[in-house]
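Think of it as A, B, C, D, E and F in the order they're written, each chain with its own count starting at 1.
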Amino acid sequence: MEKWIKSLKTDTPQEGFELAITLAQKGVEYTQPSLKIRKKLRPKYSKNANSLIAASDVIAMHFQTVAAANNYWNTKAN
Amino acid sequence: MEKWIKSLKTDTPQEGFELAITLAQKGVEYTQPSLKIRKKLRPKYSKNANSLIAASDVIAMHFQTVAAANNYWNTKAN
Amino acid sequence: MEKWIKSLKTDTPQEGFELAITLAQKGVEYTQPSLKIRKKLRPKYSKNANSLIAASDVIAMHFQTVAAANNYWNTKAN
Amino acid sequence: MEKWIKSLKTDTPQEGFELAITLAQKGVEYTQPSLKIRKKLRPKYSKNANSLIAASDVIAMHFQTVAAANNYWNTKAN
Amino acid sequence: MEKWIKSLKTDTPQEGFELAITLAQKGVEYTQPSLKIRKKLRPKYSKNANSLIAASDVIAMHFQTVAAANNYWNTKAN
Amino acid sequence: MEKWIKSLKTDTPQEGFELAITLAQKGVEYTQPSLKIRKKLRPKYSKNANSLIAASDVIAMHFQTVAAANNYWNTKAN
């Protein structure tokens, strides 16, 4: 797979959250590499509340990792 | 997406909890950007106990991150 | 919402566990603010083993946070 | 509720694991205080593989907390 | 129950992973002590992808604990 | 089982993510050692959005472990 991540460091918490989303999506992509199949699944799960909550849970886990990697953006926050 | 978070720092645990809720919701919003669809899903999942528990789980994960970012609001507590 | 938490500090692990339960419930309450609806859901999920295990999982996550906030009640234990 | 835990400290990892099981069960007990109902649920979920895996997951979360509280029983291990 | 674990320390990450598997299995065993019932459940869940993913999740949680207990096998890795 | 992991250290976050995927797969492999059965399950779960999200969740948990083991690749990122 091509290079898609260089660092867990981000400038802001919001960019960190967006990186967490990327990481969650990459977990799906590596498991199902076919873009065609993933696109076909999207309309269904994106209208299913439980699937959306589950997706949000994966994002939450990655965000915890990214936040720790950035020392919770501490210097910015103070 | 517009700027929706500046910092993980909050003044109190309660504000931290409310930030965790925002983070959980944002995970859903990024995955399903359509407000119309999300609104349509809400009546159903918000009356489903398992969905509510799952939502509470995502909040719990984010609250752990936010609490760590605030050093568990230690100075306030002592 | 009114003030429902002031600190993650508790005197004992047991009070910490009970705070974790409150946090898990609050995650549900913020998502479904209607007491009437929540009361209606309770008889069903509280008799469903999988729902109870899922609730216990949310409590476990919050307990981890609360325990860390209290440095695992270390001084008491030694 | 009566006093059921005094400390997260245990002498051995195995006792720590058993404490994690107690914590997982307590999460269920606080949510469904009726012993009668819990006993009624047991035959079913304890023969359901997915429920058993879910229960094992809650135990795993608590074991992580207990292990951290005991500094992973480091001095014993070395 | 007989003694089944003495320490979270392992010589290698692979042994740590195998310990995580033992811990996940023990969580099931304590919840359902009957070997007969567990053996009966195995053919079904071990052919169900979602059950296997859920089992892998429990292992992942325990592996995180074991890895931390071993300081991520840092000295070996450098 | 043959040796499949030597270290949690990786040179880059991307290699760390790929190691997390390996760890998630190994959790499944140890639970269901038959390659034949696993191959049979793949077409179905890899086209099921909820299964893919669950798989991504296991990867997220392992990635958190691997990232911590690598100190979040801090020196590379600065």
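In the analysis below, a contact is a pair of C-beta atoms (placed from the backbone, for glycine too) under 8 Å apart; a residue touches a chain by one contact, two chains touch by 3 or more.
Model, not experiment: these values are computed from the prediction.
Colleague: Where the centres are mean C-alpha positions, what is the separation of subunit A from subunit E, in Å?
Modeller: 27
Colleague: In angstrom, rounded to a whole number, how far apart do the mean CA points of subunit B and subunit C lie?
Modeller: 15
Colleague: Which residues does subunit B have that touch at least 2 chains other than itself?
Modeller: Within subunit B, the residues that touch at least two other chains are 48, 50, 54-55, 57, 61, 64, 68.
Colleague: Is the way these chains touch best called a line, a ring, a star, complete, or other?
Modeller: Looks like a ring, each chain touching just two neighbours.
Colleague: How would you write out the ring, from subunit D onward through subunit E?
Modeller: Beginning with subunit D, then subunit E, the ring reads D, E, F, A, B, C.
Colleague: Would you pull the subunit D residues touching subunit E in the complex into a rising list?
Modeller: Going by the criterion above, the answer is residues 12-14, 17-18, 21, 46-50, 52-57, 59-61, 63-64, 67-68, 72-74, 76-78.
Colleague: Mind listing the subunit C positions that touch subunit B in their complex?
Modeller: For subunit C paired with subunit B, touching residues are 3-9, 23-28, 30-32, 37, 41-42, 44-45, 48, 50-51, 54-55, 57-58, 61-62, 64-65, 68-69.
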